[in-house]
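Same chain, two partners: chain A is paired with chain B first, then with chain C.
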Partner chain A sequence: MSQNGHKVIGTRPIRHDGVDKVTGRAIYGADIQLTGLLYGAIKRSPHPHARIKSIDTSRAEAHPGVRAVVTAHDLPQIADKLADLGEAIVNLRDASNNVLAYGKVLYKGHAVAGVAAVNLHVAQEAVELIDVEYEPLPHVTGVLEAMEDGAPILHEDMKTTSMGEETDKVSNIANHFQHKMGEPDDGFAEADVVVEREFTTQTVHQGYIETHNATALWNEEGQLTIWTSTQGAFSVRDQMSEILQMPISKVKIVPLEIGGGFGGKISVYLDPVAALLSKKTGHPVKMTMTRDEVFEGTGPTPGSYLKVKMGATNDGRLTAATAYMAYEAGAYPGSPVGAGAGCIFTPYDIPNVQIDGYDVCVNKPKTNAYRAPGATNAAFATETVVDEISEKLGVDPLEFRVKNGAKEGTRRADGPVHPVIGCIETTEAALNCEHYRSSLDKTANGKVRGRGVASGYWFNFNGGRSAISVSINPDGTINMLEGSTDIGGSRASIAMQLAETIGLEATDIKPYVVDTDSIGYTDVTGGSRTTFGTGYAAHATGQALIREMKERASKLWDVPADAIDFADGVFSYRDDAEKRGTFKELASQAGDAGGPVVAQVSTNPDGSGGGAFATHVVDVEVDRETGKVDILRYTAVQDAGTAIHPSYVEGQMQGGVVQGIGWGLNEEYIYNDAGSMTNASFLDYRMPTTLDLPMIETIIVEVPNESHPYGVRGVGEVPIVPPPAALANAIYDATGVRLRDLPMSPPRVQQALAENGG
Partner chain B sequence: MSKKVHVQTNINGEAVDFLCEPRNSLLEVLRDELDLTGAKEGCNNGNCGACNVVMDGRLVNSCCVLGVEADGCEITTIEGIGAAANLHPLQQKFLEHAALQCGICTPGFIVSAKALLDSNPNPSEDEVRYWLAGNLCRCTGYDKIVRAVLDARNGA
Partner chain C sequence: MHAFDYATPESVADAVVMLSDPGKNACVLAGGTDLIVQLRENRRRTDLVVDVKKIAELNALSCDAATGLTIGAAVPCYRIYGDGQIAAAYPGLMDAARLVGGTGIQGRASLGGNLCNASPAGDTIPPMIVLGGEAEIAGPDGTRKVAVEDFCTAPGRTVLADGEFLVSLHFPAPAPNSGAYYRRFIPRNEMDIAVVGVGASVVLSGDKSSFVSARIAVGAVAPTPLFVSAAGEALAGEPVSDETIQRAADIARDAARPISDMRGTAEYRKHLTSVLTRRVVQGAVQRAKE
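Up next is the complex of A and B:
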């Protein structure tokens, strides 16, 4: 029995897919083998910006072992059309052109052609034999440079949309929007302390260890099947249907195990190319990316420029805040600046706010969602400014956050009013935790030490479509089919909610992630929605099974169904204590009273639940000589609503923290003057390793989400939000120097200390 | 395509012969020829450790070994470390500690950790972190992985 009165929720069972994964038996996207399989490879642009004058595939086609070559001319040309593909609204023409470049290439690594051959090496040889004639064009990779008049223009037909209206101005600024609440000028006039600072962040990648893959079979009847690792099989189906202009009924997506995504495995890249190659050859075609292709052709999350101004009174009350946020969209419009704007001041109750956001195209890969997309960039700015204001006011930075914390009824600048949230509870838990209360020696081993804190917010997508289909076995176990791909333990967290509802053990449920022909439409595993949304469906499924079992018991016992109760896992007839049975006991007989017991449920909750808040505490040690920052201790505090499987909640928190540490201290796309990424390998991109980190301590706060039957809040995304700011504040505490440019890598720290005498 | 070479090895305790091109990596051979897909390709240049196997007692990145180099060698892959009926203590501890999320790096971590415990049955946390620095995980932040390995000490 867990602490919260639940029997299954809050316990830590071994995940259902665990044994397959620790023994190497689990089948991931690239592991599939099919009869007659061909292997594909992609020809990519060496230029960051160029017009394609011609593509000659004849030498490649003549290469022994090559079976087919495709280019953008094999794709249907699609008009401008917006489609909702899960986590983002996407222009389908852009999506198609990103799969295979048409007319122009817009970043180094942009795909221009695909090859299928008898093996991967032959396909890669053939790629070298495709002759593409380019007219190189001037390029721009920085967000502020791209916004200047006279900057190289990526899309000659793209006019800036400003405040919801299309203007006549052709520029790289796809969109400028504004959220305004109250009168910021008046608010700043009331303030005793005003701090305004500029910040930059660099492009970073999601960094999942499994590279993208897709295996396609276009059979003789025109039925397309794709085996792939994706965050959303139905989203892939939608994209394939739109990009290939084929009926949805002709497309089946089989999701295999997925080796990480973090938002980056929603958009399709290889799938349409593999499909075209299969159509041309009549064979299944498998395509997998190399690691440098993943860096240069997928993801990433945007670099950005932010200017944040905040004001507070001497009694410690925030009065006004403004933000200017310019985010790189990459090659096509659609950066997460909108999401960033919804998060930037959200942990606070501020009466006067103005936020201006700019979505800007640059010659880099089209950006994609990455764990709380847009929010980490935003929090880096806000949380550093809040730290500075707290210091000027002489108040504890967490007490300042508690005093100004958002709560039920607080309005966000972009409109919505918070329902019940755990913002203040989370900050208070951080304030009172042993780590924050402990003392820290400010010098040791010739190095300086400091402590920093920061908070963060992520909306959580408290909604979306989910379907579950169950059948009861005579032994009372349940086969549970779901459409949510399992990226980190959601089979377990969803099965546990079904088990809780009907009084079984987690191990009594056998969860399966199935293909798009076998289950109802299910939205992507993203937006921190899966344990919430598909768990919501699991609870509803449990309710449906209880109703059905009452019907069966009614027949078996010959009593009215509405006189049968279900409590503590037992069905019982009110008027006769002899007529009772557990779910399992009834399951063995239920088939005789009306056939096999099955249920199918789909749900689409209204999305009104509150988001997730986190506050982090970090101690660092800075080597002034080298600029290297070591993490001594890290504590992450987060409101999970209700933690279904606490180990996996902790795991999400720890994983998010470490991605945020990488973003804060080391990770960046380093571009040369030619517009080429110079560190497109794990060695040079340098994500955190075991050796860079201590244990990551976690404190789970539980303020139940009122829009979920068990109080679940999404937990996956918000833990990446605070780390860069917490680290910057800790480095300041150690050195007296504030860093406002990410990453705070040794050369940058060293330079900042040298310039500021820290 | 170049001429294939006949290679004789012992994999997970069984004699295994295969044909491969000289340019094929051991990882390609394991995955594409021998259906041993537990070794994963994350980078193909020795940076992530997802393809790790033990070759003649030495931990190697199988993407950085040629198939032909395996001739006459004994190789242990994740498939040879334990199955559902007889999980290795490391595998059991990974499950108990929830030391995996997506699971793509897990086989490589378990192979690496086993090589560590085989040579040093009682490593300190620092020694575990030093040894496993050649394996990348992007999901877990490593906390639960390190705890699982520490918990498997001596029991291995």
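Up next is the complex of A and C:
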């Protein structure tokens, strides 16, 4: 038995989908084969900003083997309408124009036309035969340049919304908002130490291994089926229905296994194009992206500019903080600056705060969610400033964080008041961990070494909608159908919560992720909601099954149902010790007492997904001459609420850390003067390899979330938040030079050291 | 990728005939770890791929204390470093052979292909230059020999004329008291193209206190891998010391004429040239002393 009296929760069973995945049998989008299948390819813009004067598809259509070509003119024109996709709110007109450009192209790689042909090579040849006449326009890719008066304007009809009101000003600034709490001026006046710094971060991509794919079949009845890799099958259904202006009942989405998403597989790109091509040809059409298409044509997370000012008294109390945050939205409004603003000072209890956020369009791909969207950029700024303040005050940076840590009742600058959270507990666990207590030699092999720490916060979304449908087999095992696509081990964590509730083993539950016709509406797997929200539904399903089993037992034993108890996995009649049975024992007889046992439950819990806090400790070694940073040791500490399957919690922590390290050290979209990304491949877009990383050590803290029957908090996102700041602080400790621009790649580090005599 | 024909000649003469066909835009395939990628990404087009791996001379691998080392142009890296005698005699070459790609790539990738691909950043080229490598070329007019440092003429361009191809590479036997070393700088520990690569070979005096001669070559800082003869000459006759080595490093840095691209700025590359040259010469000296 594991802790807290749980039998299944807290153990580490082998995941249900594991064997098929490691043996290559799991079915991914690219595995789909259908009779008469055609292959599609996309024509993309070579310009970062241009007016489309004409598109001539005749040469492509005449090419042998080509079956159809589509452009934006094949899409219905739709009006402005906002839709919530789970991790981002998008305007559906923009979404449509992003799928196939209409009138203008807004970034290099913007899709302009689609082709279906008998094979991929023919489709790719045909793409070259589509003649697009462009009128190139001046472009802008940097956030501060895009905000200047006189910058090239992406959307001539877009007026800036400021503090909730639409202004008359046409600019690339889609939105400016402000959160204010207390009087920052007074707070800074009280402070003995005030630090104000500027930071920049670059565009980075989620970098999932599996590229986007979609196979569409529009049959003769007008029924559309799409097989695809997505974080939210129902979200894809919604988007298809809106973009193609067709009834929801005519769309079925079959989600296949997913080779990584991290927020980037919620918006549709290929799906509507494959659907139109299928409609035109009467054949199923399959489309898959190449890696450069993923980089240039899908949504990364934004580059940003931040200015953060914080003040503290000599006795180590934070008194005030302000932030100016400008985030690149990419081609269409909708950067995660709002989420970033909700996270930027949240690990701290600060009485006086002002945050100004700007959502700015630039000629880059429309940004999309990426693991704690907006929070990593924000923490890079705050956590570096906090490090500097701690140093000026001469206090340990983690003790400073504990002293100023947010707790139950602390108000966030954007409004909400914290329920029970594990912010201080997490920081204390980091402060007391062996890694932080260990000593570090400051030089070795001619290189210098240093240690850094940083904290981070992510909201974790409220539960959202989830549905579960179960049928009990006569042997007492359970087939469990769910609508949550499994991107990080959630089949296992949800099945375990059902097993715990009804006293079975994890292996007694067979979880299946099913299509949109087979289960109730389920929100996306995103915002770290799934183990919380769909797990909540699994618990409710277990409760429903217990009620149902009591009914069956009451019939079988001929006793009143309300006199039957369920405890420790056993149903028993209060007045007769002979009348008892486990779930499995009853299951074998239950069919005779009312037909097969099934249950369907849907939930949308009110409570919070339980905010997640993390604190990380890292040791680095810096080669002063080359600027290269190597990571010697890394420990991530995080509050998981309750770790349902600790291995998958650790896996999420490690994965998030690794992505954060990449963001901190080397990853960036490198643009040339022509507005073109020059490193759209895994060769030159430098994600860390295994040789660049030590084993990431993990410490799970458990401060249960009051809003969940088992205390679950989301765990998937917050681990990406602290790494860039922790690395910057460690590099400072090693070299005496503070880096405030990401990535801290060798050329930048070397230059900074040379300029600052580090 | 566009359609093309494929041929597997079994003699040098047959290959020359195929490559000389004026009606065809033919190209040579060795391990294919550059070529197939280029064809698939439409960076290159061809009518005919001539696979030279069935020709005996291109698979030759022999090492002899008197005459030196011969490596057929299609011999993959794993065979080279897998040969204990060769690995022991030419550690500077092994630095590069072990570094091209991962194990899978090394099962195919050849030094000949690396040289003929003529990337300024080709990792095996600087060590081949400093080891005094010579390329044997076959063509319609017979065979000829060209020093490796003269082989590449521009990014992706070589001295090979129409109908010519590389048969093998030759290296003299290592001199007594000599050592060679190659090292590249990349931002990660794997999976990158050299930002700068430096090869050095040194011959030391009998007491190992001074340089008899030295050769230094730098990759990724010019349109072709760069043989910086002046840097090596500056060491000849000089004592082995930090100062003399730094002087050679400065000469190499001044000879570098890099561009700025997504792998590094020109200024950074020049700086790295100096740092790496110093470290690589020190590494070569260390080996000469062992």
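In this text, the second predicted complex is superposed on the first by the 756 of 758 C-alpha atoms of A that agree within 3 Å, B and C clash if a C-alpha of one lies under 4 Å from a C-alpha of the other, contacts with A are read in each partner's own complex, and residues count from 1 in each chain.
The definition used in the following text is that contacts are C-beta pairs under 8 Å (C-beta built on N, C-alpha and C of every residue); 3 or more make two chains touch, one makes a residue touch a chain.
Because the structure is predicted, anything quoted here is derived from the model rather than measured.
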Which partner does A:P64 reach: the first (chain B), the second (chain C), both, or neither? first
I'd like to know which partner A:I14 touches here: chain B for first, chain C for second, both or neither. first
Applying the touch criterion given at the start, work out whether A:I670 contacts chain B, chain C, both or neither, answering first, second, both or neither. second
On the superposed three-chain arrangement, identify whether chain B or chain C touches more chain A residues. B
Look at A:M695 in the shared chain and tell me whether it touches chain B only, chain C only, both, or neither; answer first, second, both or neither. first
Answer with first, second, both or neither: which of chain B and chain C does A:G651 touch in the superposed model? first
Scan A:H121 for contacts with chain B and chain C and give back first, second, both or neither. both
For A:G520, select first, second, both or neither according to whether it touches chain B, chain C, the two together, or no partner. neither
A:T288 contacts which: chain B (first), chain C (second), both, neither? first
Answer with first, second, both or neither: which of chain B and chain C does A:N679 touch in the superposed model? second
Determine where on chain A the residues touched by chain B overlap those touched by chain C, and list them. 121, 682-683, 688-689, 691
Can you name the residues of chain B that touch chain A in the complex? 1, 21, 23, 28, 31, 35-45, 47-48, 50, 77-79, 81-84, 87, 91, 94-98, 100-107, 110, 128-130, 132-147
Using the touch definition up top, name the residues of chain C that touch chain A in the complex. 1-2, 185, 187-193, 195, 261-265, 268, 271-272, 275
Of chain A, residues touching chain C in the complex: 121, 125, 625-626, 628, 630, 665-666, 670, 678-679, 682-684, 686, 688-689, 691-692, 745-747, 750-751
For the complex, give me every residue of chain A touching chain B. 12, 14-15, 17-19, 21-28, 30-31, 33, 64-65, 118-122, 206-211, 257-262, 288, 290-291, 487-489, 645, 647-648, 650-652, 654-659, 681-683, 687-691, 693, 695-696
